[in-house]
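In the two complexes below, subunit A is the common chain; its partner is subunit B in one and subunit C in the other.
Moving on to the complex of A and B:
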């Protein structure tokens, strides 16, 4: 059973998993994992290229073309709004897309977003016609500000990039979900295992973006398949409507007409 | 006017003949294959302007291509 389709910036998608292309032990492992994930959106980046790495660059380009996924370039490694804006403009030309995963980092240890620079860069890029996917913290006020600027998608972290800690502040994520009901939300960063993704989807998030959890698994393709199923299951569970929690027990087996010897 | 000017290529100093265009400089460098773009002083240079964009002293010339990312 497949969960419902969804849209990001007018593009309809079946899969609710966005997956990264980094950290895999080999190009073939990356290809196998992305196919197993059934993801339709992959994140990519851009860097300076010399002729010595031109061959691997050409190979990577061919691989991402053959995967036939929507490309979501990122501004990874940018520590200022100016750097991120310049990188986004160049990414648009290289990848021929207005989509940009906007990362503006504020700390080189925990790689958390700089919320102030993020807002500044978002403002400029939205005005230039970009479809911004901001990687942000789980701060409600920041998320509201980004939505007010015109972001239709927000991507708050579950925990710092690559830590596999899962959702360390589900209360904050739940708050963002309930207060920004009309915004498409993905949990991006910190996902470690499939149950983390299930948790995000059961909170009502529209999707999950991950990379390290698959790339650094012992068997990336198998893990990617697990995440595909987990995200679908989590979304189906959310759509099905979870039963209410109770403080006292309620028997599931009827008590009427119990045999005599069971009665007190 | 000097015959040679100094620019940076992908962050490293490089000498180029005075009056060279972006196209000239790309030919001077090793061959680039696959998809790439050129940025001059962090600004994208479209292919249509490779011949007409003349390099100046201290220009920052970057060739950028796709890489993996999370």
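Moving on to the complex of A and C:
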């Protein structure tokens, strides 16, 4: 059974998994993993070290194109609004898309997003017609500000990039979900195992973005398949309506001979 | 010369081209060698490389087959080097893998992959005392290490120089430098061989393309992966092992050379950018050196260079049959790790001994 289709910035998608293209042992392993993930959106980086001459990675670029997925370029590795804006413009030209995963880092140790620079860059890029997918922390007020600026999609972190710690603050993620009911939400970063993805989807998140959890698995393609199933299962669970918790046990088999008023 | 002596044309004089030429000459064949590069080999990835033969540590970040091919090369290198006219530096003491205190999670990941990819006796875990006995200079900075015994590195610049001497002096080898060769075909080979060797395509028993990155127009899927290295002279540092420094962003590898010289390499960038080392990479490389041993602070920078490795989509080498000859390519960052094993196989292919190939699954001959 397949969970319902969904939309990001007017593009209809079946898969709710966005997957990254970094860290794989070889392009072939990446291709196999992305195919197994059934993902329709892949994130690509400008590879900052060669961003002055972005065409030089054209052979790798051809491999990415052949995957026939929607591309979500990112501004990975940018530490100021200015740098991120510049990278986003370059990405629009190179990848021919106005989608941008906006990432402005504020701390080089845990790669935490800088919320202030993120808001600043978002303002500029939206004015330039970009469809911004901001990578942000799980702060409700920050998310509200980004939504007010015109972001239709927000991507709060589960935990810092590459840590595989899962959702370290489900309460905050749940609050964002319930308060920003009309916004498309993805958990970006920190997902380590399939159950982390299930948890995000059960909270009502529309999708999950991950890279390391698959790329650094011992068998990336198998792990990509596991995430595809987990995300579908989590979404189906959310759509089906999770039963509320109760404090006392309730038998799933009704016992007819037991009067309802009987107390134990 | 024996009657079964053959005449080959080899295009490209990088590591594979010159090694193959040398092996064919030793077997009594004649070789016309045509190359864009100078005879020193300065525009060759193998000239820039750290030249490590590390079957186990490379397999961990790639795939188990890398170890198999690498072990075959590890056995062949001492035999081949012994056939050179003078000894070259070959350090066969193994590799130490370390990470700084803040990156212990990376060591845990590396160990987990090692356990998955390798056999238990391929490596051991050293505590500070054991590390101190093996490489005292490292124990000042690190409390533990992984040790991979069956790994080596060699002085590639010396190897290049000796092979240049052998090839230029051997009367059965005619080595000519030419303009960039974009595409090979029977026609282009005929005109090139006429221009440079006064032969035609039909005069050759086989034509073998070893151009690496230069074969891009003839080999679908070939791509370039940029790497950067720094060469230093560090009289205060006396490492006896190859060293890998695990880091979340870059894995660094340090290969010793004679007379306290060292080559530190890193960076795997999907790019055919051949420009010089960037300031950022230079900073990363130098701080990695300093973090390994304080004695690198007063080291002298001999060279910083960048080059691109030719790679196929699976990062494994390939041998292909074309209508005009053979292509050998895609050695990625495994030139020294793979070349003896793969060239040995290729010599069997040339001899028609296809049943004896060690890694035939990788060839499209």
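Just so it is clear, the second predicted complex is superposed on the first by the 246 of 264 C-alpha atoms of A that agree within 3 Å, B and C clash if a C-alpha of one lies under 4 Å from a C-alpha of the other, contacts with A are read in each partner's own complex, and residues count from 1 in each chain.
By our rule, a residue touches a chain if its C-beta (ideal position, glycine included) is under 8 Å from a C-beta of that chain, and two chains touch if they have at least 3 such contacts.
Quantities reported herein were computed from a predicted structural model and do not represent experimental measurements.
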First, second, both or neither for A:28, with subunit B first and subunit C second: second
Subunit B versus subunit C, judged by how many residues of subunit A each one touches: B
Touching partner for A:20 - first (subunit B), second (subunit C), both, neither: first
Which of subunit B and subunit C A:76 touches, first, second, both or neither: first
First (subunit B), second (subunit C), both or neither touched by A:60: both
Footprint overlap on subunit A, comparing subunit B with subunit C: 47, 49-50, 57-58, 60, 162
Interface residues, subunit B side, partner subunit A - complex: 10-11, 29-37, 39, 42, 44, 46, 62-70
Parts of subunit A lying in touch with subunit B, wherever the complex brings them together: 20-24, 30, 43-52, 54-55, 57-58, 60-62, 64, 73-74, 76, 86, 89-90, 93-95, 161-162, 211-212
Contact footprint of subunit C on subunit A as seen in their complex: 25-29, 31, 47, 49-50, 53, 56-60, 63, 162, 216, 218
Subunit C residues within the subunit A interface of the complex: 61-63, 109, 112-113, 116, 216, 221-224, 226, 248, 267, 269-273, 275, 278, 280-281, 313-316
